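Across the two complexes that follow, subunit A remains constant while its partner is subunit B and subsequently subunit C.
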Partner chain A sequence: MTDVSKKFQERVQLYKDAARHKKTSRVLNLANIWTWKICNSGYKLSEALFDYDKMEDIVCKFHEKYEFDYYMDYGLRNPLRIADTLGFTDYQINDDTCALSYVTDISYMTEEDYDLIIENYDKFLWTKCMPGRYKNLRGSNAKEMLKKAAQELITYQKFCVQMNSQMEEDYGVPLCLFAGVPSVLNSFETLYLAFRGMKALSMDLRRIPDKVKAVCRALGNGRAFEKYKASTQQGTDMHTGPDFSLYLLAHVILSKKQFEEFYWPLLKEIFDFVEKYDKIVHIFNESENSRLYDFYKQAPKGHVVVHFENDDLFKAKKEIGDNVCLCGGMPSDLLARGTKDECVAYAKRLIDELAADGGFIFSQDKMISYPNDCSAANLLAVNKFVQEYRI
Partner chain B sequence: MAEQNLFTYPEGWNEMMAALDFVPEEQREAFMEDFVDMISSICV
Partner chain C sequence: MADLNLLTKAMGELDEDQVMSTISDFMASNPSKEDTLKMMNACQQGMAVVGDLFDSGEYFVGDLIYAGELLTKTIETIKPALKGESSAKVGKMVLGTVQGDLHDIGKNIFKSLAESAGFEVYDLGIDTPPEDFVNKAKEVKADIVGLSGILTLASESMKNTVDSLNSDGLRDKVKVIIGGNLVTSDLCSFVGADAFTTNAAEGVKICQGWVK
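Up next is the complex of A and B:
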């Protein structure tokens, strides 16, 4: 076995052991680093996001410098080339500040479209969502634009496969969590992120709750999850860390009571599935989530890894640490503005208090995206410590 | 003017699917479904 293969096996096993709440000799270090890796690469953001060769160079050099065990993203998060082909303009790139930003809210469906989604989802996507979202498709060359976008999708899919293979073969790093392992985007998230938007969906929850619930029931955890269920077998895949990933973003507009009503049935299906099929799911939870701990107490132990963004992980460990493997914890504020010693001391505290009995994966709390989200010197110091520190 | 009718279902959907001639025919239906699903919910 080569050194690269050994590293790969060790990383997969460390992830599985952490998820299963087994004590490990060291803690796994997951990079929650997104466009930040482009900021100091020597490439402009606008270049890197549209040139897969440059993105590959950025990702490889970033790994050679920081040597994380796992990555959320290999530069695959922002498939702008596909959207750009369709004339999508609801975003802005600022190369001076290395910032990618979006319009504040969207709404590509009307209240009446709830019924159509339930009746025929493809018909809704094709007749309502597409021309609403991509205004340039209302012109005379829609078919040619869509053909180009389909070819861009194929190119993007090839790049995803290539990056994941390269990171495994050259560096012994398993599939990344975004566009590596299968990702699940459930129906409530899709309504929030892609169709209805924050404002309109928030109002729908109060005015037409039965329609929202009916769409959530009809679309469930989405087509990707259905396809994954249909193609997978019993047991966790020993070639990856998690078997699949899930992103909780839309729950930020829900109270605990609303979460129970609208979201919990979808999450409960995931919990039941991973227990029945002996799988491991990695869940990224945006914002602060302590109001949801009663639901996480129902997670099947050994099957659920939860990456919290703003939660106090020491409190979370006490309340739900017996049920779920916690992930995250390293404050981006400290990485950005603290000293090296302060950062390393906090990393040590996280590992000592959260990983002593297993059930913890080290990572940054927030998605590190902008130049001021993190200091390179602090990140290097923390990574060196986490790689060398033995529990 | 025919292009204005592309976003009809199932006529326009099938017309678009037929235009994806660089995808093997036996995979075209599944590809079309994934493609439309992806670009409808793409989060850049």
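Up next is the complex of A and C:
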């Protein structure tokens, strides 16, 4: 077995063991690093996001420098070449500040469209949502534009496969979480992110809750999950960390009571599925989530990794640490503005208190995206420590 | 005259139908300015109930968005009866999402709650450069400057804005509060703000404490 293969197997095993709450000799270090890696690469953001060769160079050099065990993203999160072909203009790139920002919260459906989604989802998608979102799908040459976008999609998918293979074969790093392992986007998230938007969905929850529930029931955990379920086999895949991933973003508008009503049935289905088929799911949770701990207490032990953004992980460990494997914890505030010693001391505390009996994966608390989100020197010091520290 | 307690209760319970029917009946009665101000006050008290229910966990962010929309709709309906008169203001606040950040939902929730608490709010919108905060704060003689942001890049913009307030000699004349998903105690110190919050209702209470 080559050194690269050994590294690969060690990393997969560390992920599985953490998820299964087994004690490990060291913790797995997961990079919650996004466009920040571009900002430090010497390439402009505007060129890297549109040039897959440059992105590949950035991702590989970044890994050679920081040597994370695992990655959320290999530069795959913003497929702007496809979006641009379709005439998507709701974003801004600022090379001076190395910032990519999306215009937020645009609604691409009306209250009336809830019925259409249930009656004929594809009709809604292709006659309402997509032309609303992409201006090039509104004109007479829409089919031509769609063909070009499909070509870009194929190019993007090839790049995803290539990046994931290269990271495995050259560096022994398993499939990344975004566009690597399969990902589930449930119906509530789809309404929030892609169709209705935060503001309009918040109004709908009060004005037409039955219609929101009806769409959630009809679309469930989405087509990708149905496809995944249909082809799944018993047992976790020993070639990846998690078997699939899930992003909880839309829950930020929901009270505990609303979560139980609108979201919990979808999450419960995931919990039941991973338990039944012995799978592992990695769930990224935006914002602060302590109001939802009662639901996470119902997670099947050994099957759910929960990556928290703003939660106090020491508190979370006490409350739900017996049920879920926790991930995250390293404050971006500290990485950005603390000293190396302060950062390493905090990393040590996280590992000592959260990983002593297993059930913890080390990562940054926020999605590190902009130049001042993190100091390179601090990140290097922390990564060296995490790599070498034995529990 | 409508039942003010009923209106406060309906607003607190976010009962849109009840609120709007009470307001419509009231407007149909050709109300006096004095009675209209009382109605406005009853709505504001209802919003205070919303803030309390948010604090207790009964309501969450989506409810605050809904409450803000309901209040805006109510005020727009009542406004003609005020004939230009407005209720007494407790203080002036300049508010905006800082430079580089395009998010405004959190800011708008805070704005609704602040206005219902009696603040005169000057909303500068999103992606607001430091000089715009400085110029508006000078122009209106603001008591408070509120800086909102979601993206982590907003931390630098918040600091730049506070630095600009400093260099223009305004920092001692205004209180600065920062809000949004990214703010923490550490960030508050780094930025040089007076207070921080991830909770709009709590933020408004902090501001009320400053203008007492």
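Just so we're on the same page, the second predicted complex is superposed on the first by the 391 of 391 C-alpha atoms of A that agree within 3 Å, B and C clash if a C-alpha of one lies under 4 Å from a C-alpha of the other, contacts with A are read in each partner's own complex, and residues count from 1 in each chain.
Here is the rule we use: a residue touches a chain if its C-beta (ideal position, glycine included) is under 8 Å from a C-beta of that chain, and two chains touch if they have at least 3 such contacts.
As the structure is a computational prediction, the values presented were derived from the model and not from experiment.
*Asks:* Per the contact definition in the header, classify A:N78: touching subunit B only (first), subunit C only (second), both, or neither.
*Replies:* first
*Asks:* In the superposed arrangement, which partner chain does A:C129 touch: subunit B (first), subunit C (second), both, or neither?
*Replies:* Only subunit B is touched by A:C129; subunit C is not.
*Asks:* Go through the superposed model and pick first if A:F88 touches only subunit B, second if only subunit C, both, or neither.
*Replies:* In the superposition, A:F88 contacts subunit B only.
*Asks:* Looking at the overlay, what does A:L137 touch: subunit B (first), subunit C (second), both, or neither?
*Replies:* first
*Asks:* Would you check which partner chain A:A149 touches, where first means subunit B only, second means subunit C only, and both and neither mean what they say?
*Replies:* A:A149 sits against subunit B, while subunit C stays out of touch.
*Asks:* Identify the overlap between the subunit B-contacting and the subunit C-contacting residues of subunit A.
*Replies:* Correct list for subunit A: 102.
*Asks:* Would you tell me which residues of subunit B are touching subunit A in their complex?
*Replies:* For this pair, the touching residues of subunit B are 3-4, 6-10, 12-13, 15-16, 19-20, 22-23, 31, 33-44.
*Asks:* Considering only the defined contacts, which subunit A positions touch subunit B in the complex?
*Replies:* 78-80, 82-83, 86, 88, 91, 100, 102, 120, 122-123, 125-127, 129-131, 133-134, 137-143, 146-147, 149-151, 153-154, 185, 190, 193-195, 223
*Asks:* Show me the residue ranges of subunit C that touch subunit A in the complex, using the header's touch definition.
*Replies:* Those in contact with subunit A are residues 14, 16, 57-63, 65-66, 69, 100-105, 151-153, 155-156, 181-182, 184, 186-187, 190, 198.
*Asks:* Subunit C touches which residues of subunit A in the complex?
*Replies:* So the residues of subunit A in touch with subunit C come to 92, 94, 97, 99, 101-105, 198-199, 201-203, 205-207, 252-258, 286-288, 291, 310, 331-334, 336-337, 366-370, 372-373.
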